[in-house]
Structure formats: C-alpha cells, structure tokens
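Two complexes are shown next, each including chain A; its partner changes from chain B in the first to chain C in the second.
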Partner chain A sequence: MDTFIQGLVQGLAIGGIYGLITMALTAVYSVTRLLNFAHGDLMVIAMYLALTGVRWLGVDPYLSILVIAPLMFGFGMVLFHLIFERVLRAHVLLVVQVTLGLGFVIQSALLMIFSANYQTVQSFLTGKKIVLGQIVFQATFLVAFVVSVVMALLFFWMLNRTTFGRKVRAVAEDPTAASLCGISVRWVQMIVFAGALGTLGIVGPLVAPVFIVEPTLGLHLTLVAFIVLILGGVTNFIGTFVAGVIIGLAEALGGLYMNPPEFAGILPYGIFILFLLVRPSGVLGR
Partner chain B sequence: MKKYIPIMVFFVCGIIFSMVADNYWLDIMVFALWYAYLCVTWNIIGGFGGQFTFAHPVFVAIGGYTSSLLFIHLGVSPWLGMFAGMVLAALLAILLGWINYRRRLPHLTYALITLAITFVAIIVLRSSHFLGGSEGIFLPRGNDPLTFRFFNKQVYFWIILAATCLVLVFVTWFSRSMTGFKLTALRDNEDAAAMLGIDQLKMVATYSAISAALGAFGGTFYAQYLFVIDPTVAGSHLAVEIILFTAIGGMGTVWGPVLGPLAMVVLIRYLNAEFVNISGLGQVVYGVIIIVVLVVLKDGVVSWGGKRLAHQTSKLKMREKRQ
Partner chain C sequence: MLELKGLVAGYGGVRILHDVSLTVGATEMVALLGSNGVGKSTVMKTISGLLRSTEGSIKFEGREISRASPEDIVEAGLVLVPEGRRLFNGMSVQDNLLIGNTVRHALPRRKELLDKVFELFPVLALRRLQAAGTLSGGEQQMVAIGRALMAAPKLLMLDEPSLGLAPALTHQVFEALRVLNKEPLAILVVEQNVSIALAACERGYVLEDGSITVSDTAEAMRKDDGIRKAYLGM
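So, the complex of A and B:
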C-alpha cells in the first residue's frame, strides 16, 4: 500500500509537469498554428542550464530558475524572430521539418558540450522525505506538483481575466479579425512563444532533480506533450491537465508493478494508440 | 527511356568510384548510399504520399532482425530471410495505415503514432532476451556469397548501389504514372481525391507496404555489412535523420532523397574527421544548414531548383509567343 501511495504521488507530480509542458505547447499552437517538434529539446536546454548552475557555479536548481526563466524568455524572442516567424505561413510539413531540424541541432550541441552521459542534478531537497502519517514521499516530487498546479491556475487566470489574455484568445480565434481590432498579432505571437519558453525555463530546473538528464530526452518529451495534447482535446485546458496526470500515473505505477519494469515506458504510447482507436476525441471529448 | 538515363549515369559513376576508391572512402560511401536508399524508400510514402511517418527505422529493424534470427537459428540464408522481413514490415505498415484511416484522424496524428511506435520498438528490442537485449545479435563473420557475407567492401557497395538504382527506376516510373498521380493527389487534397473515386485506404496501404518492405531490405543489408544488428537502429534518431536528409534534398522529388544524404553524410564525416576533438560538430553544422535551407527556400534544394527551372522555361516560352 505504501509503495502504491508513493507511486501515486510520483505519478501526480510527473503528470502535472506533463500537463504544464503541454499547455505551453498548446498556447503556441493556438496563436501561431505551429506544431513545434523541438518543444522537448528546448526544455532539455533549461535542464542542462540547471545542471551547469549546480556543477560549476554551485547554485541550487530551484534558485537558478530566477535566471533561467528570463534567459529562456529572451531566447524565445530571438528564436521566434529568427526561425518561427519566417515559417508562419508555410505548409505544416515544412514546419515539422524545420522544428525537427532545430531539435536535432539542440541535441547535437548538447552532446558536443556535455557528452552522452546520464547525469543527475542535486538540489538541497534531494533525498529529503516528507512524512504524513504513514505515507512517506520525496519532497522534490511534492514541489514539482505544487508548482505545476499553481502555474496552471496562474495560466487560467491570465487567459481569462487579463487584457493580454483576452488578446491571446482573440488571436487564437481569428488573427485577421484581431488585427482589425488593433491588436498587434505579431507581438502577441512573439510574447506567447517567448512565454512558453519561459515556462519551460521554470519547468526544466524544477524537474531536473527528478528526471535523469541526457541529451536525447527531448523528442520523448515532445511526443509525450503531443500525446497529452491529443488525449486532452486540442483546445481544452482542463482536459490537458487530466490527460497529463493519466500519462504520469501510467508511467509511475507501471514502473512499480510491471514485469519487467522497462515495459512501463511503453504504457503512455499504448494508451495513446488505444485512445485513438476507441475514443479519438480525447478524454473529455465533446 | 530518356528519363532513365540519369540513373544509368549515376550507376556508372558509382561503379567507376568503387574501382578507384580506397577502403576508407568506400566505407563512407556505403553508408551514404545506405542512407540514400532509406531516404528514397521513405520518400515513396513520406514524400509522394504525404504520410509523414517516423516508423521507417522500425521497418529497417524488422528486416535486419528477421533475416539475422532466421540465419542464426535456422541457417536460412539472408538472401531468402530478407523476404520474410519484408513481408513482416509490410504487414505492420498496413496495420498502422489502417489505424490511421479507420477514424480519419487529423493531420500529423499518423506522424505521432509512428513516432510512438519507434519508442515502443526500441524498448521491446532492449528488454527481450531472445532478441539479444541492448547488445543485439552478432552474425558470424565470413566470406560466403551464398549467405550474403563478404570481406570485400566493394561488393557491399555494388549491392547497395544496385538496390538504390532499382528503387530509383521504380520511383521514376511511378512518379509519372497514373497511380503516382493518384497518390500525390491524395497528398495535396484528400477530399478532392476521394471525389474522383480514389480509394484512400487502398492507395495508402499499398504504398506504405511497398515503402516498408523496401526499407526492411535496408535492415538486412545493415546487419550483413556490420555483422551485427542492435536496437539503436530502430530509434527515432534514424527517423529524424532520414526525414531531414530527404527534406534538404526535396521531398516528393526523385533525386532529392539521393543527393541530400550523399552530400550530408560526406560533409558530416569530413567535419568529424577534421575536428576530432570537438566530436559531434558535423551534426550541429549540418542541422544548421538544414534549418537555413528550409527557412530561406521554403523547400528542399531539388524541388526549389525544379520550380525555378519551370518558371524560367515558362517565361522563355511566353517571350517566344509574343515575338
């Protein structure tokens, strides 16, 4: 029973993180119609930045978020200007090719700088346990889960209650009409894209102590984000979060109870294909 | 017959190269041609059919593993065993196509399904004892033409050159045939194609199967050339490489997927040999080149060049008419 609860907490935490990664992907998609296959690789950059902070500067990953998130935001603005803005009107397959190329460059550059070794990131919370009655779980997971929930709520609030959120929704609905109303579509797209990367800049260091850091992690993360996106229904943010938690739970509990445990890695993909066969409109489909 | 002349020239150039090159260059060009072969076979369904698939490495792995297992356990020559691999790969391709078409899933879902399949394949291969785990399967070395084993690298070069040229002949014929036009029509506008009475499922399943089966031979060749087949060959990394090599040459063209990998593999090898202490520099440079080409030309090199040429000739014709 104890291991089950621990798996549950772990799954919830990872699931919340998956939900958050996917929200960033969805936000970019809804205002630019760009499917970014380099999404996961961009997050891996943030994880390696956290690793660099710990190894060479001795900064705790949670503290380094204060630097990494703005850094990723700025990087997002440059990247949008250099690459993404130029393919906005291109065919969807060209966008896939370009972003795959970008992911490939990031992966190769990380391999070049950090080598292919599996690395772990230590934080001051690593190894600390939280005891609630008979339930014991790791503090790093709890922090990841709480932050992801807070971020998601912040995201909802911004989208529904602020002027900028209204602009974002207007651009997502109809860019032409939005620009006729005096909204700078390009500006909104750029800020949302940079904001998504900024989010990854928060998520990356946050999960760095939980995940094993390696250069080829990116495409896996991208695929998980896409799976969560499709399972949750493309424009449904609550569905996205639920789907993220389902995938996270499947991974964590599968790792505990499946034999051999490596097969747990198959579960998210199996669930994905099963859903496409049975219920292609997603978890909370209309 | 005129349209097959470039292939004959390519073949003759290859033969001449194999006569003069040393083992170092032969090895590089065997790999470059292997990539070219995979890109050309991927291009049948990925470029002409617009079915953006990541599953090609899985078909490669199926081909390599099937022929190697048959050879090791039952003594079946890989020359025969490769056909078993081709059939298995074709069956999987048909199954994937069916999953996609059963529900008329939105664009790119197929890409995600096939990407998921590559991750599943690598996990299954790594954790299966029968399939050799992460080590893979080792083939006994030897020099026996009947069981697809040679010490001479030239022979491997001829085999992969001939295979590439044969597939090119098929693609050249196919790209100007009625079925080829039907497939590209499906890619460009599904609804309009359906209205013309084109059976989507049948077309896509047929050409997915052909592409997968030809890809499986690439796997058998890989296993026989290196005398080993391991799970990394099924990974998404190879899929990304195939897609990017094809993209820089030009998807849906006959020569794009040949020229892209030939140029890029040589470039990567050169950069990695020149800057030995910065391992991986070749990959970074080539990735940047691909991004720049795609973002600037909005297309691969061959398709962009083709469009420019067509534009120029139509301009000339207009001028002639006016005079």
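So, the complex of A and C:
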C-alpha cells in the first residue's frame, strides 16, 4: 500500500509538471496557432542553467529560479522577435521544420557544452524525506507538485480574472476582432510566448532535482507535452492539466506494477491511442 | 474629421476599390450604400487598417492613417463594428464589453462608459454574465456596438448592422445610432438596407464597382429616381 501511495505522489508530481509544461505550449498555440517542437528543449536549457548554478556557483536550484525565470522570459522575447514572428504566417510544415531545427540546435549545443553524460542536480532538499505515518515520500516531489498546482491556479486566475487574460482569450478566439478592439495582437503573442518560456524557466530548475538531466531529454518532454495537449482537448486548459496528471500517474504507477517494468514507457502512448480511438475530443471534451 | 481621397485597395493584386473619396464631419451620420459585392466592406476594412491601401490617402483629424495598424487606429478614436459582429462568443457580455475598453484614453473611463452602454441597451445589463454566443442576433449587435463604444470613439463605423436582424430590431439599432449621433458622435454606416439608412443619416454615398458614383444629402437621395429604382425597389 505505501509503495502505491509513493507512486501516486510521484505520479501526481510529474503529472502536474507535465500539465504545466503543456499549458505553456497550449497558451502559445492558442494565440499563434503555432506548435513549438522545441518546447521541451527550451525547458532543458533552464535545467542545465540550474545545473550550472549548482555546480559552478553553488546556488541551490530552487533559488536559481529567481534568475533563470526572468532570463528565460527575456530569451523568449528575443526568440519570438528573431524566429517565431517570422514564421507565424508561413506554412505549417515550415513551422514544424523551423522549431524542430531549433530543438536540434539546442540539443547539439547542450551536448557540446555539457557532454552526453547523465547528470543529477542536487538541491538542499535532495534525499530529504517526508514521513506521514506509514507513508514516506521525497520532499523534491512534493515541492514540484505543490508549485505546479499553485502555478496552474495562478494561470487560470490570470486568464479569467485579469485584463491581460481577457486579451489573451480574445486573441485566441478571433485575432482580427481583437485588433479591432485596440489590442496589439503581436504584443499579446510576444508576451504569451515569453511567459511560456518564463514558465519553463521556473519548471526546469524545479524538476531538475527529480529528473536525470541529459541533452535529449527535451524531445521526450516535447512528445509528452504533445500527447497531453491532445488528451486535454487542445485548447482546454483545465483538460490539459488533468491530462498531464493522467500521463504522469501512468508513468509512475506503470513503473511500479508493470511486469516487466520496461513496459511502463509504453503506457502513456497506449493511453493516448486509446483516447484517440474512444474519445478524440480529449478528457473533458469541449 | 475623416477624409478618404482616391483610395485604391484590393486583395492579393485583385483591385476592389478603384477610386474612393468621401468625408465624414465631426457631428455627421453618413451612409455608404451599394449592392452586394461592390466593395463596401473593403472600404471599412481599409479605413480600420485590416487591409492596406495601395494608393490614395486616409486622413483622420488631419493625420494620415493609411499605414497605421488596426490597434493604433482604434487608439486614434476610429472604431469599427465589423460585419457579422465578430463577438467573442465564449466570453460573457461583460467581458466582451471590457475587451473593447483597452485603449489608453478610454481605460480610466471604464465605469462611465459601461454605464452608458447599459443605459443605451438596458437588455445587456440583464445579460451581462451570459455568454455572448447565446444571445439573440439583435442583442449580439448591441454587444458589438457597446464593445466599440467602450473604446470611447470619436467616429463609429458600422458594417451592415442590420445583417440578419428582424426589421423591428434593425429600427431599434438605428434608433440607438441616432441617439449616439446627437451626443455628438460621428458615424459612418455601411448598409444594404438603403431605406432605413437614408431615413437615419444626413448624407449618403453610393459605391458601385469600387468607385463612388453618387454623393448627396439623404433627403435628395430619397427623391432620386435612379436610387429609388436601383435600391429602394420603387
């Protein structure tokens, strides 16, 4: 029973993070209709920044968020201006090529700088356990889960209760009508894109202590995010978070109970195919 | 206040407007008439910055705006209620109205403008939390006009406000436009319903094949045999 609960906590934590990563992807998609295949790789940059902070500067990954998140936000503005804005009106295949290409550039750069070694990022919480009666779980997972839930709630609040959120929803629904209301569509797109990268700048260091960091991790994260995106119903943000948790739980519990455990890696894809067959509109529908 | 001179515009090399010149004074209500497909909507899209003109000039309060972005044109005080209303259907009536309130000079007047819209269209106050997509056509048109008013325009442009509305609702919409015009607020309205447009406006233009062919007072146009035959079915 307690291994089940530990798996549950781990699954919830990873799933919450998946949900959050995908919400950032979904937000960008909803205002630009642009799928960013480098999304996961951009997050891995943030993880390596956290690694650098710990190794060479001795800054705890949680503390380094204060620097990495704004850095990624700024990087997002530059990237939008230099690359993404130029392909906004281009053919969808060009967008796929450009963002995939960017992903490979990032992977190769990380490989050159940090080598292909599997690395772990140590935080002051690493190895710390939280004991609740019979149940023991790692503090890093708990922190990741709590932060992802808080950030998802903040995101919903921003979207539904603030002026900027209203603008985002307007641009997502009808960019032309939004511009006739005096909204600068380009500005909203740029801030959402930068905000997505800023989110990755928080999430990256946050999960660096629970992931094994290596240069090709990004592609895996992008794939998972796309699965979660479709499972969640593409532009349904609540559905996205729920779908993220489902995939996270499938990975974690699959690892515990599948025999042989190597099959666990298939489980998210199996769930994905099942949903496509049975409920293509996503977990919550539309 | 608004002055178009020799405007030429089109889509991807296909010329729609050949030579459009018209003016709207600061307190005027002007109709732009014409049958389907002559380019009335293209004129509106070009003025509001959705479409770039290739020749000619658009001056608003003496300033050239033919190269300005749609949001800058709204900022300048020129607001379009687009054809088919283009509401944000998933959002509530109130959110739709608040979306209209994004330009700098209108932001501090949010409360006052919102009250004004609800005074003009009391039914919207009752529907304020309802999703805009669930309203009737007439109510949706009211939201669209209200959304434009939230930007505190100096000149309101409307593209086919009667589209899809029952005659009684069309009258109600034009009645509201006349009230707004008295404030005063300059209005330029594109209409296929020529009789109601000429009854409400002071002056009118007729657009045919991308060029202005008639420019006269509404009074004179109502009596003009050619216009009566072509547009009023008399």
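The rule we apply is simple: the second predicted complex is superposed on the first by the 285 of 286 C-alpha atoms of A that agree within 3 Å, B and C clash if a C-alpha of one lies under 4 Å from a C-alpha of the other, contacts with A are read in each partner's own complex, and residues count from 1 in each chain.
Note that a contact is a pair of C-beta atoms (placed from the backbone, for glycine too) under 8 Å apart; a residue touches a chain by one contact, two chains touch by 3 or more.
Since this is a predicted model, take the numbers as computed values, not measurements.
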| item | value |
| --- | --- |
| Partner chain(s) touched by A:94 [first = chain B, second = chain C, both, neither] | first |
| Contacts of A:212 with chain B and chain C, given as first, second, both or neither | neither |
| Which of chain B and chain C A:167 touches, first, second, both or neither | second |
| Chain touching more of chain A, residue-wise (chain B, chain C) | B |
| Partner chain(s) touched by A:132 [first = chain B, second = chain C, both, neither] | neither |
| Partner chain(s) touched by A:150 [first = chain B, second = chain C, both, neither] | neither |
| Touching partner for A:274 - first (chain B), second (chain C), both, neither | neither |
| Interface residues, chain A side, partner chain B - complex | 35, 83, 86-87, 90, 92-94, 96-98, 100-105, 108-109, 111-112, 216, 219-220, 223, 226-227, 230, 260, 262-263, 265-266, 269-270, 272-273, 276-277, 280 |
| Complex contacts: residues of chain B adjacent to chain A | 50, 52, 99, 102-103, 105, 107-109, 111-113, 115-117, 119-120, 123-124, 126-127, 236-237, 240-241, 243-244, 247, 251, 278-281, 283-284, 287-288, 290-291, 294-295, 298-299 |
| In the complex with chain A, residue positions of chain C that touch it | 48-50, 69-71, 74-75, 79-80, 82, 86-91, 95, 98-100, 102-103, 147, 151 |
| Interfacial residue positions of chain A with respect to chain C in the complex | 163, 166-167, 169-170, 173-174, 176-185 |
